[in-house]
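In the two complexes that follow, chain A is the common piece, with chain B as its partner first and chain C second.
On to the complex of A and B.
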């Protein structure tokens, strides 16, 4: 046991992309920063797992499509990624390729609803851009009088959004206000027939959340995902290379990164943080501690007695039931999807043939069981070449976080068989090509990353858990009550996906508070 | 046939109407006023015979008041002290085993949830007695701590024996070990019978706590011992007058417990209720501390104070004015005090009135006499000490009367 003591301006708990973003943001302003990661690898939800894990380069998250451009710029991320289009697969082979606002059939002809889709996409993109203005600032508190400089600043920010809203014109503004809290299903089937096109939008809106596309508020989560331009990017070399880019940015900024350094407790005295103590007894003193591990885990590390009863209750009741699982396959040969031209095997492939299909996939998870017809978001990272190794990476919706009796081997096998049956229907013969497979349930994701409930976004992106109530009322401004303690992970505003804004905003809030 | 038995079971499980406490058979027999009210679901006396007789018994002999409907939460376990210290505004560590402490607790915004008395039986064993139903809150506050919370509201009975001869009654009942109890002391005088030197009258008095099954026997024992000392069963009205004289505040009357308010800004902080001495900013974090610190810095919104008024007409609900013109507050509890012969009240004033500004205050009292309304403007002076205070309340060992 080494009882050494070290000093930093700030300590970051968790080496996921938000933790690294927060660290880099602080370090680039001249502060000494130490990142503490419990496992042997960085990346959190982007992580490829430790040495014991099989080598899939995108083991959990496999896409960048909501990375905040400002974060990318400020951090100076050196990302090598290729842009992707999406193909929404249909069981009858009438797949639809979605490229921005364009919707084409496999023969290159326009989708029958291409015009309606383009209009809808343009409109959603406009709404999303307006909303995304909220992403790069601490959510408004509006607790002071309007003459209070902080409140005045918040009001001005909101006024900007209000003006943007006015600027859209009466009809669009009315539509925005109508649509904002509505469900994604109704909006899709109003304008598009329910089929692969609507299914794709529905699946994107609810991926990772504990709701089907008919649940209120699901359009908001789609807008959140469209907020950064809806550009789909797959890092060359898989997410491992994206992790490396975040690590590289942090290292260049001068951050100290410690792996296999689990924090035992956050040290609090006189309602202020003083640092952290590691499992091995090492004490690291710091003026600020930024935690990317979610409200409940953060409260537990600091000691519940330092938090108000209401805060602890809300953290305990945070809605965080993960529903996204991950299937990774090592294949003997390149899979072939029926009716899909060879070049399009490099696209993002969705199995969500209708919005109703997505809704039905959600139903069983409410009762802790697993759909026979899950939705899949598939990437074939090596589809450009016939050479091996060939892999398939699929985000599976929906998988229960806590099935009755837990995730037994038998249940895993059954779930995997059901997913393979769906794949087999679209890519006949794929089952015979499987050399090795790995299924990660939300429970596994929780164990590996520490995200509450194994939730894709570290907490449901519901209307009750966004903006100034994300993750919970009383912790929504990155501050936790205890001076110098901040939340900087995906559970904080604006939320999940590989986004980076929570980490960046949290760091800026700490600087603004003079915590460092 | 099955139906009838099911109905009977349901009625037993969920009694309709008010529930009698274990003392109801004795109270019923003594009651000539037949004036009852609901208190936390229990039947409770407003007046047994005559409010004035009962009040004077509090100040001149002894009285028994059934406090069984009080909510009682037992908190036990290795973290009990830490859990309560996080919940309460005062430093619970300073309440030693065998002591009782008056305490308040707040929500995250520093608004008082309720006040009550905290009984400390041992290092890891407490009971919280309070007016408001609190189980959900106590469980929330206990979450994350190694404690066990038991709602004893329906299993523990309480009798409040108050008045100058109250110790003599205990003595003649064979409970003279209570002689050693100083104010706010607590002891198990006989197995299963805990006596605390506490009360709501500002006078000498004791509270006796026992299992429901032991209640009636204790009542009879006290009643038999009291023959030479004068003992009256009393109702709420007499007690309420005594507590105003003692300057004690009542939930739902002098302040609104924050969990029972719907409108914004109706809650009050301990500082606004005049309990700064019961808020320990030096100890570790407690619920609402950050909000209270902020309020201490920014200033209070209101002051709850004791006032004396001119005239003799009870001032309940009267509006208060500065310089006879500006409305600055209202009386929350007002009464003519028969013992001190003063017109007294508790009143809430908007800051700075009642705080820095205490001069030129007036109360507008409306008096109704046989169909005719009269309005009187009487002078108001802010008081700092209790209206009624007597050395016998503090003498240890207590005097015989």
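On to the complex of A and C.
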């Protein structure tokens, strides 16, 4: 490419779903937008990899369970997805089917704690819905006085949530304030006893986190996941079709999307951003730059000299150690999970037979190691059409992103063997059906997507790294230090999962700030 | 005194909080009785002579958190309390080195520089950050926690006080406070320091007495307990109570008796007596009955309501909430009589830091592994301990030339796992000795050959603490210090202001705000509420910050 210059209102760094959402949001308001994706495919953690990668229709992320409905509507996303139920597998075959607030055994009988579960789930959903009101707003700054319009607006927003809280009644409000910062293990085991049901909830709370279910703050993570109703959806045709839907929405809005366009630097002058320079020397001028690659990488692109020392130090200290890996299997035939009826092979299958199991799976990752009993979230995308090529897609918890000595071939083989051993215990004979396997570690995910530490949320969702201190205290309102520069990815409020809120909110903030 | 006597108020339990409440009530003119199950008073602030000639502070062992307002109001120095500050401490490494903490600024900087020059600046930032948090939290300790669900004027005003204090911080500082309160101590230290040894030395303070690990969110807050006290006005200082921790409760008892109070020992509570939803008195295990319209329990919330109150007297949601209150014990204690001062080969001659707190855990990972061991019902293979030899500063605790050593250990489980079964009954002499061996093996890192000087050792697991002191599951704070059990959630939401569902019955121990440690604040705050309720609110001193 030649040394040409182009002009846009906004440039988006990173063509993952948040980048595409930010782009589409701006474009729909009439602005000219260019999305720059360094690889050959869009999607970030939703992507299925380039031509050099083996073809799995959901290579990294494989489910939609936290897509913000407002984002979906505003973007006009044309998603074709089917709703899934969940089955939490038990080693003794007494699996539990979990569908919303209902918990049933394989013979259709109610789970012994079905009533307690339904009550708990209703309560948690109510809390989660209340908290989700925070998702679609920039976190409050509360820096001005009560009469300052911006502060007043923030206070009104918070008051709305406060009223919603009071509207729940004293008992529920007290429970909210008690449970909000508690750990998911105690909450589940107190009401449900430990087992596959509690294990499933615990696993859902901590998936992607550097945390086990006994850590304080993990209930908040679960509430985050329930925030959009927790409707479990698998895109028809795999995640590739969901990426296509995001791309389609962006293109229809008029966005220019450039693949294989890595950004070398963000151009800053007089404390103001004025565009980007690509690896090949192309300069693209823009009034605003929205970056979905996290604060550390963004600061490096812009040049650390433009940021105050404290911010730079905090960005370096941002906790982002990924713990989720992915195993993709190409199988000669569909696996048979013991005690699981054929139709339920189309459900989301969880291997998290108790909260203690999940905690046990977590412990080794603190020491850079990998448990012999990992948690697994499994999908069999073609289970309903056994005559077509069968695959198994599994999110693995927990894998260290930086084991001592790195992810050597020997370590990969060992990890894969350990995962296969667990699968074999639940689906005997699966080992013999494997035609091809691919294991993606958090390090691989970091290399492919640029996410710091290969972290699911681009940064830990600990309660000290959310809301008004996400990603860091002093840079938590999408503005990234320099005027016109914004963070639009999962490292910004509210966080990760295929959600879209960070992309949307950052775009709206940029518009509000008059950056475009 | 007869066996059926009427008082204005009865306090169940002579721990330091119960005695504190008793003192304030007696000074306000009430006729107060304290009943205690043991033959001795003091709860977990006791001095016991278990080996002839030696005195052990066999539960709590150092003093810092006791509120100076309480020391002043109850004239404790007049009744014999003398706290002597100690200085510094050290962590000893396997390689024969150490990291020493000095209260002298320059000495500390030299020590930090020896580990890592960049950590000198880091310490500056760290201590400023911690001090800021201490300053923020201190005024709240002697205030009743607000009830955020209530619209009563007092509660709204308490909430407003909280909001104002938070607002005074400014947005940036508020964010820092928010982070500090929700972070793990390890993450907080990782943000500041580079040396693993320095981090490990400081991190222990974040997990003492907790069922959490150094990487668990909420442990940075626990570290505040380590820094927010004072001795004679020096914030963050720790000291030995001369004569052992029992001198605190002895002074409280003397102050109490001089105000006309009565103490009865030797029999514990069997039942709290009620009629028509109001408390009427207590029935002791030995058959004695005492009457009062105000009864305060120094026992933890579970022991009070599950063991000694009829379930029919309580709302069922309250009982459920109490049963859910977590009191997991995680600490062991070893009290030792030494025939001479041990040898610390790594320490320079005459090292002052030997009179401070000593440890042998040298990395955050080691501390975290210690926690992982506890999770599965075993004591830590490489335990963290807080080890002190107070006789260097208070020679009264041992015969001349001899020494006493106190060793507080994390982690030891209450329900010990043996052959796949977890139960406190598994704690027998064999297990205790095995636990002690594990601790002394680790201690060789600091003072090799220590075992040769041991004349006597009392080894206590959470089970012994429960049996002797009455702390459910041996949790030293009468309930874990996690967010769901702090402030307006402590001990249970809706009952976080010392009152209980039973009219005239109160909780005054560490199960209430602001929690555990030998603080006295729960006892004082409860006394304020009681006096208010009986129309003597003005008798309680008002604290301004």
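Criterion: the second predicted complex is superposed on the first by the 515 of 516 C-alpha atoms of A that agree within 3 Å, B and C clash if a C-alpha of one lies under 4 Å from a C-alpha of the other, contacts with A are read in each partner's own complex, and residues count from 1 in each chain.
The rule is simple: a contact is a pair of C-beta atoms (placed from the backbone, for glycine too) under 8 Å apart; a residue touches a chain by one contact, two chains touch by 3 or more.
All figures in this text were calculated on a predicted structure; none of them were measured in a lab.
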Partner chain in contact with A:271 - chain B first, chain C second, else both or neither: first
Contacts of A:173 with chain B and chain C, given as first, second, both or neither: second
First (chain B), second (chain C), both or neither touched by A:455: neither
Contacts of A:474 with chain B and chain C, given as first, second, both or neither: both
Which of chain B and chain C A:182 touches, first, second, both or neither: second
Which superposed partner A:311 touches (first chain B, second chain C, both, neither): first
Chain B versus chain C as contact partner of A:142, first or second or both or neither: second
Comparison of chain B and chain C by chain A residues contacted: C
Touched partner set for A:225, first chain B, second chain C, both or neither: neither
Shared chain A contacts, counted only where both chain B and chain C touch the same residue: 474
Interfacial residue positions of chain B with respect to chain A in the complex: 82-83, 85-87, 107-108, 137, 140-141, 143-145, 284-285, 287-290
Chain C - residues contacting chain A, complex: 148-149, 170-172, 174-176, 178-180, 182-183, 187, 190-191, 212, 215-218, 317, 324, 326, 365, 368-369, 372, 375, 482-484, 488-489, 493-494
Residue ranges of chain A in contact with chain B within the complex: 271, 299-300, 304-313, 316, 474, 481-482
Complex interface listing, chain A residues touching chain C: 141-143, 166, 170-171, 173-175, 177-183, 186, 190, 214-217, 314, 317, 319, 359, 363, 366-367, 462-465, 468-469, 473-474, 476
